[in-house]
Amino acid sequence: MDSFTKHILTQFQEGVLSIDQAEEKLKGFTDYGFAKVDDAREFRQGFPEVIFGANKTPEQIAGIFNHLVTQNQTVLATRVTPEAATEVCGLVPEAKHDPAGKTLLYKPDTYHLKNQTKKIGVICAGTSDIPVAREAEVTIEAMGHVCESFYDIGVAGIHRLFAQLEEIQSCDVLIVVAGMEGALPSVVGGLVSVPLIAVPTSVGYGTHLNGITSLLSMLNTCASGVTVVNIDNGFGAGYAASLMLRV
Amino acid sequence: MDSFTKHILTQFQEGVLSIDQAEEKLKGFTDYGFAKVDDAREFRQGFPEVIFGANKTPEQIAGIFNHLVTQNQTVLATRVTPEAATEVCGLVPEAKHDPAGKTLLYKPDTYHLKNQTKKIGVICAGTSDIPVAREAEVTIEAMGHVCESFYDIGVAGIHRLFAQLEEIQSCDVLIVVAGMEGALPSVVGGLVSVPLIAVPTSVGYGTHLNGITSLLSMLNTCASGVTVVNIDNGFGAGYAASLMLRV
Amino acid sequence: MDSFTKHILTQFQEGVLSIDQAEEKLKGFTDYGFAKVDDAREFRQGFPEVIFGANKTPEQIAGIFNHLVTQNQTVLATRVTPEAATEVCGLVPEAKHDPAGKTLLYKPDTYHLKNQTKKIGVICAGTSDIPVAREAEVTIEAMGHVCESFYDIGVAGIHRLFAQLEEIQSCDVLIVVAGMEGALPSVVGGLVSVPLIAVPTSVGYGTHLNGITSLLSMLNTCASGVTVVNIDNGFGAGYAASLMLRV
Amino acid sequence: MDSFTKHILTQFQEGVLSIDQAEEKLKGFTDYGFAKVDDAREFRQGFPEVIFGANKTPEQIAGIFNHLVTQNQTVLATRVTPEAATEVCGLVPEAKHDPAGKTLLYKPDTYHLKNQTKKIGVICAGTSDIPVAREAEVTIEAMGHVCESFYDIGVAGIHRLFAQLEEIQSCDVLIVVAGMEGALPSVVGGLVSVPLIAVPTSVGYGTHLNGITSLLSMLNTCASGVTVVNIDNGFGAGYAASLMLRV
Amino acid sequence: MDSFTKHILTQFQEGVLSIDQAEEKLKGFTDYGFAKVDDAREFRQGFPEVIFGANKTPEQIAGIFNHLVTQNQTVLATRVTPEAATEVCGLVPEAKHDPAGKTLLYKPDTYHLKNQTKKIGVICAGTSDIPVAREAEVTIEAMGHVCESFYDIGVAGIHRLFAQLEEIQSCDVLIVVAGMEGALPSVVGGLVSVPLIAVPTSVGYGTHLNGITSLLSMLNTCASGVTVVNIDNGFGAGYAASLMLRV
Amino acid sequence: MDSFTKHILTQFQEGVLSIDQAEEKLKGFTDYGFAKVDDAREFRQGFPEVIFGANKTPEQIAGIFNHLVTQNQTVLATRVTPEAATEVCGLVPEAKHDPAGKTLLYKPDTYHLKNQTKKIGVICAGTSDIPVAREAEVTIEAMGHVCESFYDIGVAGIHRLFAQLEEIQSCDVLIVVAGMEGALPSVVGGLVSVPLIAVPTSVGYGTHLNGITSLLSMLNTCASGVTVVNIDNGFGAGYAASLMLRV
Amino acid sequence: MDSFTKHILTQFQEGVLSIDQAEEKLKGFTDYGFAKVDDAREFRQGFPEVIFGANKTPEQIAGIFNHLVTQNQTVLATRVTPEAATEVCGLVPEAKHDPAGKTLLYKPDTYHLKNQTKKIGVICAGTSDIPVAREAEVTIEAMGHVCESFYDIGVAGIHRLFAQLEEIQSCDVLIVVAGMEGALPSVVGGLVSVPLIAVPTSVGYGTHLNGITSLLSMLNTCASGVTVVNIDNGFGAGYAASLMLRV
Amino acid sequence: MDSFTKHILTQFQEGVLSIDQAEEKLKGFTDYGFAKVDDAREFRQGFPEVIFGANKTPEQIAGIFNHLVTQNQTVLATRVTPEAATEVCGLVPEAKHDPAGKTLLYKPDTYHLKNQTKKIGVICAGTSDIPVAREAEVTIEAMGHVCESFYDIGVAGIHRLFAQLEEIQSCDVLIVVAGMEGALPSVVGGLVSVPLIAVPTSVGYGTHLNGITSLLSMLNTCASGVTVVNIDNGFGAGYAASLMLRV
């Protein structure tokens, strides 16, 4: 946790922070009563705290979002309702709302790509899985990385996969999003040699069990090199893929 | 049930059965105390009762097997232990034991193929799934039909599938046997235009849940024309595929 | 995939397609951004892509529906909401909407039955299971086949089954739709000698678990020749039954 | 609890019990350290405590069995291993061991039928379900009632059921034992007008889930008048059926 | 099925039915397209078909209800919405609506109690379980029997049970309705000597799993003589209890 | 139950109760038809009956609440809707409504803390878990005890935990509320030496299964001294923690 | 972690430890390669690390056991096989082996009761639950506390509970161990005013699901003040109960 | 698949392969009847096919193992029984058997590390989780990478984690292996900025459900950057981690 401490002390030494402010900052989080916003995360982990919008009121989201904006950080909120998006954009007009992926993204002036040669491929089995893919893509952008999308490539019409295989094989990390039987990561995984993150979605019905079937299928893949995240967790996949680009 | 009655009455008229035997036969089953052997099944459904060997003693299996042999029927027993196989083969030396598929098959002199132009393809994802495929294949033989086998064709090395695609596409009905993520029926189903019966197997570990994962995957396939049977139910798949050949 | 290529090249040779159009067509799908419509499916599998309406917007459904209509194909959409039906019928007035089964069907001038002597029986256990049966029946019509319906034939009043047994036994393939304990396929399966597709429905309460109970019951049937599809999957049953008629 | 107290005090008055013995007896149970044997059960509920043999050592079973024998009661032990049976029969040679149903029954001189006109029918779907049926039958005998057995009557060969329907309809209470899809109670329940206790068994494989499928099927029966007990609980069914005969 | 046939032929002989009507009636059910109303049930099972209102439209319910009323039978509908109740009562003003239990009952002039000395006790663990108890009570009334209610007797305040134990013990059959941990049948079952039907309810939260916990608890009761019905199935319990009174 | 009886008899002796009132009171509960309010609970268990508001109408809640207020007891209602809160506060203006925790609390003049030196720590993993923590805190207040809150202390930013460890270690009993992976009790449990009650919450998505994941995680903790309550059961945790303070 | 550091430094100052030994000790654990034995636990949490014997070899258990004995601590091992017990007792003859509870306990000379006036009651529903109760009792002894046992007190013979209610009510904390329907904690919990820890056991069959049913029942208890531990976790209950005595 | 073709053609051109051998090789797999060994995998994916030893006979494993050895490849077999290990080592004495991790590894002369500066950290929560960690470590070695192990670092004694935090933070990718509540990846994930693969193990009891609890916990982690593999899948984690090092 050294680099955060150093940063605060430097700011203090340079007069940016008063001694009281420095002391407060050194705690490493801002206490909003309902939430302790983790100010040290960017120093500790290379990325600021992300706001998980589900179960938070528009006011809570807007409050935390604005707090992080004023710290001149890249800010990402996920699972935001239209109401929350309106609330935040009223406060922070530069925030970009993606209704499909339900994300809000603010990029400060200092935003820049952390890597311009490597890219993450985001493959999506069906039209209904696109929102989860969008969440992953915006997360990757927030992390400072580049991605390329391949939509509606289901295993039951596998010629669509082979038609784009070369572009897919040129990616450095892959995210494969699929509902229903979740077979796409197995097929893709057997054709590439890069890390592949499988994202099960809740798209299906009956015995699909809201995504459990896709998840189980992915965990039991006979392709090597596949790891899995929670159902509909586009954010987690985008975040982990970005970390993999930095290894 | 007419044809069975006619058969018995004809045998009676021809003197093959005494009046007492005919009366007994007309009940439609032989009562062994622990089991009522369904003598009319072949007339009612075109195939004699099959002996499900699990949970039966070697003596019970041998008793029923022999009863059906003496009626000059094709006889099939599934899930037979080595002990039961020994017991039956001692009594009926012509019975053929398949240790991999755990089946016993007896074909009478009158055995003949019911269809010589159509065939059933049996595709198998992994080496460990072969026993289930074997159960299906012997059932198809017992039903009087022909099959062709395609083993060890997993989705994670999909070039093995394409290498044999033409032969696979020449089959009239397909049985696809797979454990693990059970994705093979989805891929094959998208490449063919014939009925496809998916058989999940219990081959896997951890979240495979003894075959539940393969089953769920197959039930949620995005390929059309796929129907599913119980886990490890090679017999059911072979039986249903044979019926489909007769439509 | 030969016949599709041949078809396109023939159209090109005959001047129906320009060289650019032919090149585009040879990719095998039309890319709508949110969906890649599989134009080659009818050539690959003998039936055009079916639109699964769940999770798609009325606009998306209408767009794909119209695309396929302009290709002079039979078009089927399932799981369509009343809103989507209105949208499609505004665009394609000849489309027939079945509110019970939630289907939309468009039959081009070239539509004709593919088989006039064989038929599929659709048996339905309870009044509440009818919507699933309807989805199967419209699918069979779309596939170019004929079906006959037998409604409200529950196992707890089994005389209703025997009252229609002869008609049922005259069908070439059977679809049995049932919720609750899902026992009907077992009883019917023991009385017929044709392939039987069991369709579990979500009709029930408490431990019915939204159809899981019916499904488990059908997978564990002691009748031979029964295969199963996903809960409420009338489409899948109708599609597979149609394929069986073509064996 | 009055009648028990009266009984003890009467024995005391008649000199059968000393004052110390009477005081001890009035507690209502004998304390064996590892078990408190419920001496008052026969007075409270009309039947002595039954020994559930699972998870008890042969010595513990034999100890409790003998204790109840010396009280001149009918004694029933269920789920007894061969070892426990040997132990008990060594101590109480009059005990009757049923290896199929895994029961031990001792009937004192005073044993007599409590009802000679009414009877309980025990119907059994498959050969492998017989052990559970046997447990029910011995329990009925221990309770002082009469039963009639109908074995191997599966729904997939329903003519076997109709062949015995008249005898079945003459029973006053029915117990229906079934594994696999557990459909038999639904079919029988629609043909009779008496209470029917359904007993799911663990006979099956794959998605049978050790009896869960049979249980769910029975709980969701569309036949009225059916109640259910735990998987393989032949004892519970026999006990409850006997109580029903006494209403 | 004799008595039904006799009844129809007698009506024909007496001129109540024309020859065409008699022929139609002998089929045993009236076909409404969406439903086959089982007219022979009262003769076959001693009670007319009950209308399960869930998943039926108000019009369908009212149609079947009225059909049965015109046959001068006792008519019971369960799981009726307020809308369906209004529809039916408009048509059949004599129908009695119980909003708590969601039932509709019509008793014809010929209605009479089938047994005046025996009664069924309906015990209810918590206030929220009352609707399920009401469904059972109205069913018992429809069947022509008498019941007595004992409400809000939870195991965590067991003195409330003992305060009414004598009345409870005077009942001939017991129905025990409970949500949460479902322990009441175990406690009551140990204090009585009559058949006890346990009804799990969906009242609870979290790990209650919509009634699964109560059900599992009841199936695993260590009290003998307890049988179980589906979650919230007050009708099934009332029906089975009534049959038990007739043994 | 002695102390309750004594209390009633004393009131009778002192003329506070008439002989009829005393007789009625000695029954130990007030019968409201839909509920038997347990008047003796405070004497039997040291705390009056708590009103579980879920599944009760505002009128029922207000009725019972007022009944207990008139007995001059501390009254707590949980899971109250805004409608029920309005109803109760109209009747009992002194009742304090906590909208976050969905509780209503009435403290009589005689209310006093039962222990002033010991306190319960309530730790909360995420912002969304606060409502459950609030339910626990109000329950502790109702029981006459003191608590201290520690909010938004997730394991993924563990420095927030260490920043408050000393205060946490000064508590006598701990309640740890967490959704998601439910890991916080394991970490805290390894750092303290007091009883720790873990409360899983339904906060999460996908495989969180409405709290099952948090619950399973807590039940399998490798920290000793941790016990668990039902999902979202803040009341149960607060009640049990208060009892622990009194040991 | 202060007191541990103080202890080591004091030992160093007093010459008990050399400077190298002190440095090593200050790490807080001894590294055995396969295990890091937590030497500071007694100082951090008031009790030494307990050896969970499952999945450890007899040699591993004996090694850690002996290590802790040489530190003159009370040592407890749970889930020890007979082989492991023999191995340990060969090395540490003073260790006491309880075959029923599968525990090994070593008490040093300095062992003494930490509280002589308060006691923990251990109630056990059935004979088969005793091993889990024993594990709890030995843990309580190891923690330096006193317990009293109440065995074979099932809810289906509730007079056995009332016969010992007074002794039970005199305990300061209760542990209630039950398999089957797990109802005992609900009944006991309604009769006492002390913390009650419910321990579900795996004793049952069929739908008992190896203890899941007992667990669910206990988590959904309507008695207040009940907390729950993992299935068969007698150790956890004994440990937590001991902590409660120290509050 | 170009590079494989090129490799074969080059070998042919150089005279290493005859024209027949080249033709055979170009198929891309060797057909052993029971298995198609994927010879092209190393070219397609940078690593030869790994032998999953479960459900294969010692003879099958030895056959495939030897086949790959003769191709001068690195060969890894997992889940090998002692019998299979003996069989293989008899044939290939240079194969190294790790009994803990149940692996067999053969490294040819050409084996070399693919990266000498980056390393993978393998963290293990408990002693019983070590076998799964070993499988990961040997896989990493087979892939040509380096790892560092951190054993027995459970969350309930979190000072053991902080004692080694600096070494852990110096790793480029982390694998965290944990059974029980599976909380370790959440805690570690919050302290590092590299990809973290969580491996749930089947170590636990009761509600641990053979690893399901650990898996669910890991999938629901509130730490970002965590991905998950199947229960006990050390191989999958090691393989994926190695791919991540190559990004």
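General remarks:
By written order: A, B, C, D, E, F, G and H. Residues from 1 in each chain.
In this text, a contact is a pair of C-beta atoms (placed from the backbone, for glycine too) under 8 Å apart; a residue touches a chain by one contact, two chains touch by 3 or more.
Model, not experiment: these values are computed from the prediction.
Chains making contact with chain B as well as with chain D: C.
Farthest from chain H, judged by the mean position of CA atoms in each chain, is E. Averaging Cα coordinates per chain places chain D and chain H 54 Å apart. With centres defined as mean CA coordinates, chain B is found 50 Å away from chain A.
Chain centres here are Cα averages; for chain E and chain F they lie 38 Å apart. Residue positions 157, 190-191, 206-208, 212, 215, 219-220, 224, 230 of chain D are each in touch with at least two other chains. Interchain contacts (touch definition given at top) occur between A-B, A-C, A-F, A-H, B-C, B-D, B-H, C-D, C-E, D-E, D-G, E-F, E-G, F-G, F-H, G-H. Contacts from chain E toward chain C in the complex involve residues 1, 27-29, 33-36, 38, 40-41, 54-56, 60, 200, 202, 210-212, 215, 230-233.
Remark: chain D residues 125-126, 154-158, 180-183, 186-187, 189-191, 204, 206-209, 212-214, 216-224 touch chain C in the complex.
Of all the residues in chain H, the ones that touch chain G in their complex are 127-128, 130, 151-153, 157, 159-160, 163, 203, 205-208.
Against chain C, in their complex, chain B makes its touches with residues 44-47, 50, 118, 172-173, 190-195, 197, 215, 219-220, 224-230, 235-237, 239-240, 243-247.
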